[in-house]
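Two complexes come next, and they have one chain in common, chain A, joined by chain B in the first and chain C in the second.
So, the complex of A and B:
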């Protein structure tokens, strides 16, 4: 009996040895930073000064921090503005380039180009285009509309950054939809056509239900990415987060608070924990909505 | 082969508990603060975005030092301008800060507070008389005794203006503004004449601007900020008028020094502060602007222009303190500063160097004119940026200034809030 319990208490070593390289990488670059962030969120650690345990003080402070609420508002607005566009537009784009007609590869590549372009380069180009004296404003002035402060108005700036996120993400999600569309049986479309369904009806009753799980995936991926947005807003609104910091997102606030020689690592970690919790909740909400639809 | 559950559980617990070691003292022994021994050993020297343009100068400098002290070897590393503070903070937190580091006063303050910058009043007091008093004092930290970096090069610059934009607005290009009253009056006129299309300034007021306007930035003890006084409110109120009249660029609220420079280069704004380095840039990138460039003195209410100070600090954790101190002094001594100043438009912080004919005798060119004027103004210039003014404080001030300009808060309320936020950050710095 003793021998049996000893065997039961022991784990085979070989699988662990095979998994060791991967586990080490995940441990060092995912698990350790994550646990470290959670631990730091309960301390008053600064960049160069080791922290003391302060309990929930950081979390209490962020409740009273106006900039936290500004960041939460902007990150949430980003989801509201970006996710519907990134669920619907790439699907329409995929339908456009799905057919194998001569020259279609060019368009597929063209739509995918922004995905592989550097976000810094893309951001700078959009800043030039939307500048007070940029191409877009020059055109608007030529047609008599006058200049619009895309980069000086708090809301227009956020909308401009959302437009860049959507423009840059279209190609990526288009590829995911193309793969899903390839699996939609052609017979279903033919049967619907025989029954007299037009293009719009076929899209709504055949295509959409067939790619619904992909739409859920795209919604989940894009909402998490939207909530964690940093680069687009940072490049277009500047390090201060737009006029009076009103375009600051939560991740920008983490960067601003926690970096530099006087960075408040403990407080920034508490903000990061909030970002993590909201992201997990978002994923669960999307998955629950999908499950409810299925049942 | 088997691994027991207990060993596995212990390994996992150790991994998870590792971050807890982040809490605690952080002391790790460190090097000696005595610089009197033999100058020997391998040291690392870090500069701030200087390799691209001055590699031959620094190669020569290092080679000269190694010849003078044959038992030393200097490894030179250079970091890009972008994210320099983040790089230093990562190195300092990770214990990999180089032995000798190029810093500015606001960077050296947190390093000194963390015990990472060597006190040169103790370790290198014999060199103190070689430097200008003001320059040596620029790396002192309020609330601490000691000086934490050798002063290196100084910089200041004039105010550039676009003569053709002045002319188009009906202003006399030969009479640029000399006082704040002139500046605000000219800016409002230019905005009116151009229908709001040409702004005069491209940036919101920074802490240096408040200093130049004569605002008391900190209390005398250096324990709290004080720029919300009547003079500070007056300056912000005047900027509010400029913003409403579009005499301040609409994108000023999100501008950086780089984007303001670009606005001036593309003739979207009429005035911009700069340095002698910019003239060459104008010549190459905007020949049309260069033809119309006007140069005038910085506007101040105090009579003291603003100057920027670069320093060279020695890491207290260096294993070769005598070599690190000797090299930091070598880089910043009068001969090498003078030689560097002839490579690029910067100014030495060593006593007597600014009396050299290079900084006093005109040869008729714009470059020399700017250099001589700047050298003259440096004799009584002030580094207005308080050494304890961190990046987070800069953002807090900037955002409150923006709220006042947008009319969301009164100038008084905005500055009160900025002072409150900066004081809180100051206290958190410890």
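So, the complex of A and C:
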């Protein structure tokens, strides 16, 4: 015991020397910007003009800003569209690659490739695939369905972007599920099989309950990420957010409003505060759902 | 069909007797068939788009890339588009900028998070709990919500439109610090104790004993720092405005916005951007997967 306390006794300055670079970076580029975002949201600050305190004016403007509601709608729709797919599909994929059959490590790695690629690369690949004259439409025409304007219709665009988000996320959540599945005792499956339960039944009564907490984790991670969607929609719908800006997401609106030399930092900060609040609410909701299930 | 029946049926087949699952049980040939069919289908869906992009980038200017039914392989493969993309935008300079940013991010993240993680895990000092809390809070802040303030901070520091400005906000990730802290916490005290008795000071214990024991976690931090910086889009898009300083992702966005009608060109650009990471992934897969596991537990 004496040894432990001796090892831990240090020169008074060195611990802070160790922690200093990390604390400095996190303080200056994460925590200070966070505080400054909240403060700025109550001002009319612009990129080149220091702001004055304007109280809740930015938030009052928000409520009457159609673009804000469009952004909020699209970011919320994104959660609705993406999260169920990202909770279920990677689990099925994990079940598919779980058994150690020959070549399975190759398949696992291959399925992970979209995760490694930059979202810009992924976005541009799909812009080309879903182009009016791209591969998907060529195939659709070949089989006699005809061409579809995936990237010209407001709703098809949003749906396509969601599909790309799911496509890119599959491999990531598959790996998370694989780790969870490794902990499911095989005896449970065998007992269910002896009782005559089919594959679907065993999936619902054995696998799902066993990985439920992982599903909650995946729901939490993917819903927070979905609400903050930016790149996919920006690349596929363009910087202005598709036809009449109808595909603008909340973070796209933050980026568009707050940057550049004429950027309205105050108003963009108010939009950012909405992003914070929704993110925190989402995390709390998921945590609460998890707790309720455990008790 | 029960498990016991499966086993009985599988026994007489000598050929597939070596195909067994992780518990050493044989898998029926029928199940193998549908498993491989599904695997190949998913493979086509996940890797296919990359191959289509590669194929497009290798098609010559006279070849119809819009044909229906599509032609999957280039008739006369050519590297011409790679030369043309370099003539259109300074793509190799952009690649170099990306490499600089990613390498700097690897160094700062490894050094910064190892040092801070060690301080949080091992060193006893007043305020250690507060320091830990600072990193936990920082990890919870959504980056997308603070980019405007980060941008004004960079302007105030005069670092907007520089590569240093691109690197700085992510130069020591809070999550990496907490990963390193956990790794150090899992090391037994006794080893360092012995070194202390031998007269090693705190730096020597850190560098010679603690750090070599957490090499795996350092590798995870390095890989994710590299991938994060190389792939990042939103932040460089905001902080960089001068086209001569673009990173690859911003350059590709610029290429797409300006020369959107030339699909061969954009395809060549994306292949240049994604190839290094796929190569890195192919070599260091297990660290990628390990990082997902550790990150998810924390995240």
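Note that in this section the second predicted complex is superposed on the first by the 273 of 295 C-alpha atoms of A that agree within 3 Å, B and C clash if a C-alpha of one lies under 4 Å from a C-alpha of the other, contacts with A are read in each partner's own complex, and residues count from 1 in each chain.
The criterion applied here is as follows: a contact is a pair of C-beta atoms (placed from the backbone, for glycine too) under 8 Å apart; a residue touches a chain by one contact, two chains touch by 3 or more.
Predicted model only: the values in this text are computed from it and were never measured.
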item: Side-by-side fit of chain B and chain C on chain A, or clash; value: clash
item: First, second, both or neither for A:120, with chain B first and chain C second; value: second
item: Partner chain(s) touched by A:237 [first = chain B, second = chain C, both, neither]; value: first
item: Which of chain B and chain C A:43 touches, first, second, both or neither; value: first
item: Partner chain in contact with A:52 - chain B first, chain C second, else both or neither; value: first
item: Superposition-derived comparison: chain B or chain C, residues of chain A touched; value: C
item: Partner chain(s) touched by A:176 [first = chain B, second = chain C, both, neither]; value: second
item: Chain B versus chain C as contact partner of A:263, first or second or both or neither; value: both
item: Offending stretch of chain C which, after superposing on A, collides with chain B (from 151-159, 169-177, 187-195 or 277-285); value: 151-159
item: Shared chain A surface residues [contacts with chain B and with chain C]; value: 9-12, 14, 16, 27, 31-32, 36, 40, 47, 131, 133, 238-239, 259, 263
item: Complex contact set, residues of chain B against chain A; value: 1-5, 8, 15-16, 18-20, 22-26, 85-86, 88-89, 92-93, 107, 110-111, 113-114, 116, 249-251, 253-256, 259, 266, 268, 390-392, 395, 398-400, 402-403, 406, 408, 425, 428-430
item: Of all residues in chain C, those that touch chain A in their complex; value: 2-3, 19-23, 27, 32, 35-36, 38-39, 42-43, 45-47, 49-50, 52-53, 56, 66-70, 108, 111-113, 115-116, 118-120, 122-125, 128, 131, 134-135, 137-138, 141-142, 144-153, 155, 168-169, 171-172, 174, 177, 189, 192-193, 196-197, 202-203, 206, 227, 230-234, 237-238, 248-249, 252-253, 256-257, 263, 266-267, 269-270, 273-274, 277-278, 280-282, 285, 288-289, 292-293, 296, 299
item: Residues of chain A touching chain C in the complex; value: 3-4, 6-12, 14-16, 18-19, 21-23, 25-34, 36-37, 40, 47, 93, 96-102, 104, 107, 109-114, 116-121, 124-129, 131, 133-135, 137-139, 141-142, 167, 170-172, 175-176, 179, 186, 190, 193-194, 196, 217, 221, 224, 228, 230-231, 235, 238-239, 251, 254-255, 258-259, 263, 265, 268-269, 272-273, 275-276, 279
item: Residues of chain A that touch chain B when the two form their complex; value: 9-14, 16, 27, 31-32, 35-36, 38-40, 43-53, 131-133, 149, 151-152, 157, 237-245, 256-257, 259-264
